[in-house]
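Chain nomenclature is as follows: A, B, C, D, E, F, G and H, assigned in order of appearance, with residue numbering initiated at 1 for each chain independently.
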Amino acid sequence: MNQDFLNQLLTGVRDGKVDVQEALEQLKDFTTKDLGYATVDTHRELRTGYPEVIFGQGKTPEQVAGIIQFMLTLDNNILATRVTAEMYDKVREIYPDALFNPVAKTIAIRKKEIPPPSTYICVITAGTSDLPVAEEAAVTAEIFGNRVERVVDVGVAGIHRLYNKLDVIRRARVNVVVAGMEGALPSIVGGLVDKPVIAVPTSVGYGANFGGLSALLGMLTSCASGTSVVNIDNGFGAGFLASMINRL
Amino acid sequence: MNQDFLNQLLTGVRDGKVDVQEALEQLKDFTTKDLGYATVDTHRELRTGYPEVIFGQGKTPEQVAGIIQFMLTLDNNILATRVTAEMYDKVREIYPDALFNPVAKTIAIRKKEIPPPSTYICVITAGTSDLPVAEEAAVTAEIFGNRVERVVDVGVAGIHRLYNKLDVIRRARVNVVVAGMEGALPSIVGGLVDKPVIAVPTSVGYGANFGGLSALLGMLTSCASGTSVVNIDNGFGAGFLASMINRL
Amino acid sequence: MNQDFLNQLLTGVRDGKVDVQEALEQLKDFTTKDLGYATVDTHRELRTGYPEVIFGQGKTPEQVAGIIQFMLTLDNNILATRVTAEMYDKVREIYPDALFNPVAKTIAIRKKEIPPPSTYICVITAGTSDLPVAEEAAVTAEIFGNRVERVVDVGVAGIHRLYNKLDVIRRARVNVVVAGMEGALPSIVGGLVDKPVIAVPTSVGYGANFGGLSALLGMLTSCASGTSVVNIDNGFGAGFLASMINRL
Amino acid sequence: MNQDFLNQLLTGVRDGKVDVQEALEQLKDFTTKDLGYATVDTHRELRTGYPEVIFGQGKTPEQVAGIIQFMLTLDNNILATRVTAEMYDKVREIYPDALFNPVAKTIAIRKKEIPPPSTYICVITAGTSDLPVAEEAAVTAEIFGNRVERVVDVGVAGIHRLYNKLDVIRRARVNVVVAGMEGALPSIVGGLVDKPVIAVPTSVGYGANFGGLSALLGMLTSCASGTSVVNIDNGFGAGFLASMINRL
Amino acid sequence: MNQDFLNQLLTGVRDGKVDVQEALEQLKDFTTKDLGYATVDTHRELRTGYPEVIFGQGKTPEQVAGIIQFMLTLDNNILATRVTAEMYDKVREIYPDALFNPVAKTIAIRKKEIPPPSTYICVITAGTSDLPVAEEAAVTAEIFGNRVERVVDVGVAGIHRLYNKLDVIRRARVNVVVAGMEGALPSIVGGLVDKPVIAVPTSVGYGANFGGLSALLGMLTSCASGTSVVNIDNGFGAGFLASMINRL
Amino acid sequence: MNQDFLNQLLTGVRDGKVDVQEALEQLKDFTTKDLGYATVDTHRELRTGYPEVIFGQGKTPEQVAGIIQFMLTLDNNILATRVTAEMYDKVREIYPDALFNPVAKTIAIRKKEIPPPSTYICVITAGTSDLPVAEEAAVTAEIFGNRVERVVDVGVAGIHRLYNKLDVIRRARVNVVVAGMEGALPSIVGGLVDKPVIAVPTSVGYGANFGGLSALLGMLTSCASGTSVVNIDNGFGAGFLASMINRL
Amino acid sequence: MNQDFLNQLLTGVRDGKVDVQEALEQLKDFTTKDLGYATVDTHRELRTGYPEVIFGQGKTPEQVAGIIQFMLTLDNNILATRVTAEMYDKVREIYPDALFNPVAKTIAIRKKEIPPPSTYICVITAGTSDLPVAEEAAVTAEIFGNRVERVVDVGVAGIHRLYNKLDVIRRARVNVVVAGMEGALPSIVGGLVDKPVIAVPTSVGYGANFGGLSALLGMLTSCASGTSVVNIDNGFGAGFLASMINRL
Amino acid sequence: MNQDFLNQLLTGVRDGKVDVQEALEQLKDFTTKDLGYATVDTHRELRTGYPEVIFGQGKTPEQVAGIIQFMLTLDNNILATRVTAEMYDKVREIYPDALFNPVAKTIAIRKKEIPPPSTYICVITAGTSDLPVAEEAAVTAEIFGNRVERVVDVGVAGIHRLYNKLDVIRRARVNVVVAGMEGALPSIVGGLVDKPVIAVPTSVGYGANFGGLSALLGMLTSCASGTSVVNIDNGFGAGFLASMINRL
């Protein structure tokens, strides 16, 4: 439920084209929709510019499908993250055109095209194993109307691989840098560009990685300025924030 | 084995209606019952006002059923938490009317109705994934004789969802607030009500959540007064304490 | 040493106004200046758009003054963070107009005015004790050419204090939210605005705060989108990134 | 600014005894008072039944005195916790009758007597070194209108010391149990009473105590029901919550 | 290979009953036996009074059986801990009389009877779920020649259950106390007896238990004297040490 | 107040030598003595065989002296640990013969000689910096009636230093091994003796030592059997337990 | 792509034996090869003396096989670590002579023989369960052209087992010491040899081992000089570094 | 006491030039020297090629001077680390030519010149604040007979500073890389050289640095091969190991 819809409805009422009772009915779920197991925040787009995104983890396939079924009654693109193939099967029953990205573990439903700005977001991964998190970031940024460039496997052990791609990195409006293990790549990128860097630690690694802790602490204590950090493996959060900055 | 039973027995002895030998027999298990693998605390209701509750995790289905079999000889409602469907199957064999709540993972046996006080407990969840813990709290409070109101999925990312339910929250005698991730909801609720808030951190989340640690530390360091915290995912403990406060 | 200087020098050489030998001399320290105890990155402004900032902690007053003395030979504003009064005394000897901010613990030397963009940055603190970190952020943003609005002591225990300031917060191009203890304020702000939120955990608190860990984990696991996090007490990093975003 | 004051003011306006302009002036600071470095929550008593309490740690003596000076214009008792003797000196200049408790590290100003209920709160300490935290709890409960009984140094190494005091403990409406080291005392008390137990871990100890972590984790994982936990060394929080429960 | 064997061999050589070449052959593996994947410490009994015990975890069934096969050539009782049913199947093939304890997860082979001293060891568990660890302790103590008394499920939530068994506890020469969750039971026992207490934290619990950390820290910081701690879930270590003390 | 005293008193009453009223007076403080800030456990010797020991840390000099003043009325040796020179000054005022050990930080008052058994305790330190903790253990063991042998600075970096002292170590009835840093010494000693080893981790070290954590974890996970662990820097606990075992 | 190849190519061009166009084609992938999901660092051998090694964990079997397929076009030996049997099956399809080591979990392809230096590397394990990590180290060292001696199961609980092998250990040019649990073995070895010791903590153990943390911290805080540490379970890193030192 | 001395002594005895009694006297302290508070390992040079080094921290000035006084009777260079000016004053009294390095916090006494090999060690620091740790490494390497090159303040935020020094780095036989904060520099260096890299994490930083933990974990999980790690701030250990490798 977005600004356009609201303007249209209120104009309709003012012009006598929409009955007050009917308008009330439509406005009833204006700020939240109670589904029993979930209270969908239908007001979020008005408030933050973005519709609510479904976090699949910890929900049943039925709950994910139920929330999507309700959101289909609104006029927004829909994104669900951290989904399983089982969830996708349930969703496909109610919306066959839903797209499943098995690497990013996302379901996307595009109901309208959002024209991207001329600038783009660059999503960089330190290693091949970081791809699922990077892809979650890229998919998120794309569904919210952004062009995304991908730079893959340019970690610090062979830093010349990064330099080969410096052009595409430096021309981006914002860089999302995804890295596990020691998580040093955002520090390097941050020292080479004059644009914001969003660092995403991943749980890729073993031993003293402690589930992503080493990369997280490394990124937080980075001595390169212009860098900020999101949660371990939080590709969605990085893609969302990158979209916000790219579309400012 | 509660106060009523004890009064009746002793009165019976005094009035010559109960033989001393028979009374001794009945009193033998007065404070504990040794089952070999468990020492049931039959004295707890007298001492704390509440019968012992069975913690299913780490026990075999046979052990759970065995403890329930003994407790059925007493005149109390019975609650087992953190149970599996397999445990329920064993229990149903000895007591077909036992109720299994698959969300809360509880088995409940109601042998007597406990009249609830006029006040009620409100159980609030930040997200859909927190429901199992919240349901454990609600089921626990209900079997100990309380009316429970449920408010679902009103986390801080869309704080207006909470405001829509402020009436039911403010009128409760005590609020149980269940939240994972950053666990901020109890702080908000605690700043809006003049009644105790019991905060329950959940292990819902990933990455820097570290199995519920982020929510736990957040709730412990909350700057809202009137809030206290129970263990991560401890819906039972919250429901029990809420019952104690509601029935004061 | 910035782009303008470089253009001017090379044009001078081309036009025969600057002798090649002289140009070489000036270019000698073009990318780094070795001071024995420090290798000043004179190339940083060209590369990242911002001159190097001095991190005072762990340096001797003589080292801080020595680095500033060299940087005064360049045509940039100078910022030193985490400085002591003793450091300031040394700096004042070589540059009497240096400004010391005793709350933010910064030394600032303004050699040129940077015209700010029409948009502004909002720096929000949860409590009075968070002021030093917030002030470091504000001072940093200001010296890099930004207008800053300050909103003080609007933590979640009295959330209406935040709502009173919602206008100034919502109109900002980027919000810096500084909070200790449970660190819940960025989650609330992030759910109310459609612009990036930079969360700064502080070490304000005690006990289960563990030196800022509770606020840090809370902010990282925030369920509000559009939020990213910098190191505990890192006001500088937040102000720097906010400047980058505000001046995009 | 409490309910009584508000009723009186509005009645005065209705009855023409208070000029509207004058009422507006008085209502201007109704919900918050901006002091520059602090936004005092003057609305809290209406909302939560309790006036705001000043947390001294991290504030300057001038800030503490400034906030108290403003709060003196309202008709409430005033409590400041985690204060220093230096803060007290500043406060005494503006209000000579302020009371300083050097063990609890509190400043209290009693402007009105709050009649306590017939029930009382029992504050129990495991060891002598836990006294400062326990005293903070007791002082807090007393200023909010409660009778407090103190039981000192009855830790689990000599559990009979606790049994000697069982009467005063069992008759309390709520028990606050303060313990450091392994923090086992709340588990014992929780197993002996039928009333809520508020557990306060303290940082008393050394080595594997890790600043109170051992007591905190022990209390959170307690197998005694009816127990909840506040932050390490948070005597204020425990006293506040105990007051809330005792005055239900 | 123990003292008796060595005496006999050397006496045999002295008395001309054993050929030197034959003695050399027997002595070849006197201190270690190299199995390729393991270096069995055949000298341990001479040095520490106890033969080596096999730690099954992380070994293949073939390796466990292979080590046992070699140890059968010596004249000692054999104990393997942390074994699986699959390991037991392999061992049974080479020694059908080997005993498997499915609760303790041990394999025991008794080749000689060790006469126990008159004193005994008491193994106490806080809860039913602690039984596997307690049983590992008891089995270990028994195979090394000790009488063991078991006291089950007497945790601090119902402390009178402990008092009912105080006689058997106080008469033991050493107590092994096994507890998970907050791990408070050893503190209580330690305050009631005048004999050593060996505390065994278990990983029983959830949430803030953090895999046994809460019990471990609680036991280490216990304010009851005469208590020491072994690793989380280390029933074997406790049983071994208890045997050492009981047989002093 | 020990068994002897009690026998004498009761015999006196029986024989008419002690007036009942007088006996009552003497028995009033039989189990505890309430000093306001402390509840002295006068019953402990009867229960555990050892009088209560004063833990100085966190107490005021006045409180330490006050507790000692009361304990002087009983017929026991007195030990206070973790004391300061300031505490000692207070104690000397009331008992000039009190002994202060500035390395161990103990105050000892010997009112009676306890005849030691023929066996002895060996206290071993890995390094010179571990001496204060080792001395606390030795002083504790000595005041409770034990002979102590000291072996100093024989850490694993030069393991032959240990072998030089193997005789005195192997002949001890129990070994206390004090080590910081990696805490490996108890593992080595445990593999060489057939008697209990009490491992004491110390906070000696830096960096990844994390306040003694490295030594603590190392000792807990030791693969040498017969070893148990006390809290970091807990020399008292080790000395106390060693005394218990040596005097069995 | 190594130095030899480069010399040959350039000489060929100089001598007119290689066409420039052809040389360009061969040089195209000189520093990196982009496979879409991976950017292979073909320049590494020139830069660091060693070809890139494939880290299998987190990659799909297809990705591992794809990278190997490309690397087969170069003239290097190939090593992949942390591989599964499933990965090996894919690799065998494209290169039947690939060798799989099921203990070390490595795939090795030897395309050329590297003559080892006269010195050798000694790989020592504390226990049988440490073998997989030790084998990863040995296999790595061997494929890079080193002779390796293995010493198995000589942990500190029976330290004489180590002394039996002292000759082979002392004659090595560098020792790799692999140990879990308390990780004390490198300290002992470091105190006995005059050559570098590379310590490898393993996650072998349970409880306070916390996934290898105890061994890691123990090795880092070792008081034996000449020792350095690699990540938990990082046999590859140790074997690689040992090779570097052995071939200096 | 080194190999030369021993040869000379034994030859003297063989040739009748040294009396047996005199030789015995000299050999008495051959392996250890007991000073009461320390057992000096006089045998270490024979065993490990290096004399014992004094770790000052935790020792009294008297103890440090006492150990040095004894070591002066031997024919070795002497190094003490982590010393204070107060310790130096004590040492100067007995040996006026002792050298104090106030940055490295070391005392050095050179009694003989050790000819360095032709290769050298390069000590690299990420920032100015890391200098004390780097200097400890350099001083250690120098006293053991090595040439050291220093490269200062070339951290990853301005990575071109490192490239400017690549020649001196690549020609070193071993690199010691000292870095705090995110500790990324060793990863970069490790990817650029074909020689061993010794990584030294420092406690330089704040917040999520947690006393050096971020740098430590980052270095341990580094994806650059050929790198190993010593304890946080352990400059001595790094310099010692570098010397061992450089002098192989």
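In this text, a contact is a pair of C-beta atoms (placed from the backbone, for glycine too) under 8 Å apart; a residue touches a chain by one contact, two chains touch by 3 or more.
Just so we're clear, the structure is a prediction, and the values are computed from it rather than from any experiment.
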Starting at subunit A, fewest touch steps before arriving at subunit D
2
Give me the chains shared as neighbours by subunit E and subunit G.
F
Joint neighbours (subunit C and subunit G) are A, H
Taking each chain's centre as the mean of its CA atoms, which one is farthest from the centre of subunit G?
D
Whole-angstrom distance, CA centroid of subunit B to CA centroid of subunit H, is 60
Averaging C-alpha coordinates per chain, one finds the centres of subunit A and subunit H separated by a number of Å equal to 50
Rounded to the nearest Å, the gap between Cα centres of subunit E and subunit H is 43
Subunit A and subunit B, separation of their C-alpha mean positions in angstrom
38
Contacts with two or more other chains, residues of subunit B listed in rising order
44, 47, 55, 127, 157-158, 190-192, 207-210, 216, 220-221, 223, 225, 231-232
A full list of chain pairs that touch reads A-B, A-C, A-G, A-H, B-C, B-D, B-E, C-D, C-H, D-E, D-F, E-F, E-G, F-G, F-H, G-H
Under the definition above, what is the set of subunit E residues touching subunit D in their complex?
126-127, 155-159, 181-184, 187-188, 190-192, 205, 207-210, 213-225
Which of the residues in subunit C come into contact with subunit A in the complex?
47-50, 53, 55, 173, 190-196, 198, 216, 220-221, 223, 225-232, 236-238, 240-241, 244-245, 248
Counting only contacts in the complex, subunit D reaches subunit C at residues 31-32, 34, 36-39, 41, 43-44, 47, 52, 55, 57-59, 63, 201, 203, 211-212, 216, 231-234
Where on subunit D is subunit F touching in the complex?
127-129, 131, 152-154, 157-158, 160-161, 164, 204, 206-210
